[in-house]
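Some structures are shown below for you to check.
In the two complexes below, subunit A is the common chain; its partner is subunit B in one and subunit C in the other.
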Partner chain A sequence: MNSVASKRLFQEYKHLTTDPPEGITAGPINEDDLFIWEALIQGPEGTPYEGGIFPAELKFPKDYPLMPPTMRFLADVWHPNVYPNGVVCISILHPPGDDPNHYEQASERWSPIQSVEKILISVMSMIAEPNDESPANVDAARMWRERRPEFDKRVRADVRKSLGL
Partner chain B sequence: MAQAGNQTSINIPQLLAVALVGFFALRWYLSKPSSSSSAPGAAAPSQRRNQVDVTKIEQVASMFPQLDRRAIAWDLHRNGGNVSATTERVLSGRSLDTPPPTYQPIMPSQATNNATSTPGRNGRLKTGTGAQPDLITRYGLQSRVSGKGKEAMLSEEQMRNSWSPDKAARAEGLRKKKEEMILAARRRMEAKVTED
Partner chain C sequence: MASSHDIPDSTDWLSTPLSSLAALENALHCEICKEFYDTPMITSCNHTFCSKCIRTSLSNDGKCPACRSADQASKLRNNWALQEVVASFLAGREEVLRVARERGRKGKRKRIGEDEEDGGRVTRSKSQRLAASQTSQAEAFEIEGEEEDDGDFEPEPVLDDGLVECPLGCGKRMAIEAVEPHLDRCEDEKKQTSQPKPRPINGFGTAPKTSTYEAPRPQDRLSELNYAMIKETALRKKFTDLGIPNWGSKQLMVKRHTEWVNLWNANCDSNRPRTTRQLLQDLDTWERTQGGKATAAQGQNSGVMRKDFDGVGWQNKHQDEFSRLIAEARKKKNTIAVSPTKSEVEVTAEPLIPNDNSNRPVEQATETEIQQCDSTSQSFTSDHTPLNGALQSSGPAIPPTTSNPQTVTAEIGPALAQTTDFTPTFHQQFRPDEPDELPSRFYNDGAVKKVPMFAVPQQPVRDVDENGGALGRE
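Entry: the complex of A and B
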């Protein structure tokens, strides 16, 4: 079982290295443990996150790709769908099957035909377009909804600070 | 047996009675938490009461340091120790139920845990929200931010998208790629800041 997961992760690593999506760099922190990755995601253009680089950690379960990894930003990301502790809340990271709350369709959730690349691309578009139906960070969601200029300003300041400027 | 000496004939039934009462008392006590839970199916008899695996609690707690460990333990207890179900529940935005006061999970040094968990949690939350090092510090790039980045950009072009058969070379390539991504972002931001 482990070898299936390892092989698949290694293949995905290779694919992401040779044909990386724009603005995404990802791979295992140490190849001896293919189950922990670090990814850098570029802030999408035309959003307050533009210009920023957001590091995140992906932890894969031993039964990957049956079950999805978890993803956690390693820097402050003020965003309605990112928990204050950095954990990313996005439907593609939710285990297969139907949402008991009927918020999401099964097709939006994790399934083995998804991939790390798809997760990272989804997260990138999530950064650009927050979904405030089920916010992970209630304060950020409220600010995003009600005080957008303040939200944008805060994000821009965070981005600048994160680059040491 | 009953006709034997006075001492034994009294003691053995007494012992049996004590054992029997004890057994039923224990059973009544054990079945109490599961019957008060709203998911009796989850608390199957094979599930040892309260014995939620400590490592599982820790696993969930490390993912969501803001959560109360007792609430995590309670949720794990009710779903039969299914970590992913609890994680899923939290991630889907449903909060964990407050465990009933009678629920006393066996947790590692619970007393000290309770006493220190508040500052400990806050401390960890703080590193999660406030005191993150910037990327330059995190990746040790202080020495490279002041220089001009021309040569770095060239080398980035060279190593881009190559897959080395050598593990160390791959690790090195990935590291350089990440560094270059950060340095390039820093250069752009620097330019923008001076522009403003």
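Entry: the complex of A and C
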């Protein structure tokens, strides 16, 4: 039984395995269920997140790629665009035609031509350059905007903690 | 063939000297399904997608996935040229890849410029093939296959790769030792031009017939209905006329109809239409993965409410979970049962006589004892004749002391479940899940009047789904 979604997910999985973008690893946790993936994202260089490895879980809907997956960080990520529970708030993950915050252009949102790879690359650049216009974590956004040194320090502490240092 | 690749992917090229072919292959992929174009269609905004992909996408939000401009499925037009390119690329892909890999292993060619020539040559071969396809289909195939095979190593004079050209003039180049075996093959291929080559599985038709594009078959396309206006009964009748399943809620039927329309119309676009039966199979796949049957396979709603629910299968599958719950419940029960006064324990023991009693055949229960026992065991003995045997066989495993009735119940349970129907299983699992105060009320009833005890084992037979559902979700 091969649905459109699982065929495409397998295709993307193969592509990501043979030719992964730098700093990103992703694949299904269990090859029997292609609809739940785990991804590891490196903290971008030159940011306080540098050196960190951030595990995340991607859940795909049955009508993927018409609808986007959801993404949740499994570790603490102190970031204006990551909810305290780890859910990532980024325009590429928002379904087409649905703009809850009215901040995004339609062109930024999910479309079937996007892919896991593009999501993860977007998330990486989101980590490097937070968007504080529509923050998911208001406290983090305020700290990022008003007390940047404190923000950086906290992020670095989180990174060290996650690495067990 | 060096190896068969079920899922062709552009990254296949990266490990070969022809890594720039990856870009070419990517360009031949539909952006939606990420596979080779299958019946590519051009939108009003000049983007190209597989027919099925773009139709599904348009029926979802009515916009082009690439540029988000509004579009309609009726405005899609076939991109026959691209289809030819894909078909010819696919025809040669496997062999080109094999040759490229061999080259890669030998480590002979390292020049990048050569790869680009190869990329360009595919285009050239296409135009040759296109020209040829207008004269004869069979010849078109021949040239198409052969040309593509050469794509990467038909040499410019610059290449001193030590290869020679096929003396029969098929245009292929090979090592000198390979000429001899090739001659036979070359002849054969000329004879059997009608026989299509095996090629990677991607849902794409075989190439020989792709050049029938001058005459797309006039098949009636279906149009979407105005679902808001049409009544459910009319919709069901319509479905019967169409020959597709008409069960489920109206919402589900609308989804199914949309899927069917997309499948059907995409098939109309194709120059190698498939049979209605195959389309129905596709619809069934959709049904199982996204439609009405999809929910049954998912964790949350396990389908226990359905009439044809396989209770025994479910029980076997979740045996571990059930026994864990039973063990936990038993533990809990023990801690509670220790605390009550002795009289309470005696009261508790009495209604469990059925189990106790049915256990007795091993201990030679007397007739009066059986009559003493309440209705539960009577219904067991009368309705389920094989039960006694089962109980006897399970008897020795059960400790003769019945100081803790709950243990006995739980241990008999599995034996009953194996030999009889779902009822005892339910009985077995139901009790541990009962709130703690329930047993005392339940038992007191049993002590006073025996009628309610009838209800306990029998009701679940009629209500297997519901109760099973309650258990499954916990």
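Quick notes on this structure:
Criterion: the second predicted complex is superposed on the first by the 159 of 165 C-alpha atoms of A that agree within 3 Å, B and C clash if a C-alpha of one lies under 4 Å from a C-alpha of the other, contacts with A are read in each partner's own complex, and residues count from 1 in each chain.
Note that a residue touches a chain if its C-beta (ideal position, glycine included) is under 8 Å from a C-beta of that chain, and two chains touch if they have at least 3 such contacts.
Being a predicted model, the structure only gives us computed values, none of them experimental.
After superposition onto subunit A, the partners subunit B and subunit C occupy separate space and fit alongside each other. Contacts of A:62 after superposition on the shared chain: subunit C is touched, whereas subunit B is not. Legend: residue contacts after superposition of the two complexes on their common chain; A:14 is shown touching both subunit B and subunit C. Note on subunit A: of its two partners subunit C and subunit B, the one contacting more of its residues is B. By the touch criterion defined above, A:125 reaches neither subunit B nor subunit C.
When the shared chain is aligned, subunit C comes close enough to touch A:4, but subunit B does not. If you stand at the C-alpha centre of subunit A, subunit B and subunit C are 60 degrees apart, rounded to the nearest 10.
Here subunit B and subunit C sit at a least CA-CA distance of 7 Å once the structures share a frame through chain A. Subunit A uses residues 14, 18-19 to touch subunit B in one structure and subunit C in the other. Here subunit B touches subunit A in the complex through residues 63-66, 84, 87-88, 91-94, 124-125, 128-130, 132, 134-138, 145, 161-163, 167, 170-171, 173-174, 177-178, 181-182, 185-186, 188-190, 192-193, going by the rule given at the top. Residues 7, 9-12, 14, 31-35, 53, 56-57, 60-61, 63, 65-68, 285-286, 288-290, 294 of subunit C are the ones that touch subunit A when the two sit in their complex.
Residue ranges of subunit A in contact with subunit C, taken from their complex: 1-8, 10-12, 14-15, 18-19, 62-63, 65-66, 96-97, 106-107, 111-113, 115. Subunit A contributes residues 14, 17-20, 25, 27, 30-31, 38, 40, 42, 51-53, 55, 61, 67, 70, 72, 74-76, 83-87, 89, 93-95, 99-101, 103, 134-136, 159-165 to its touches with subunit B in the complex.
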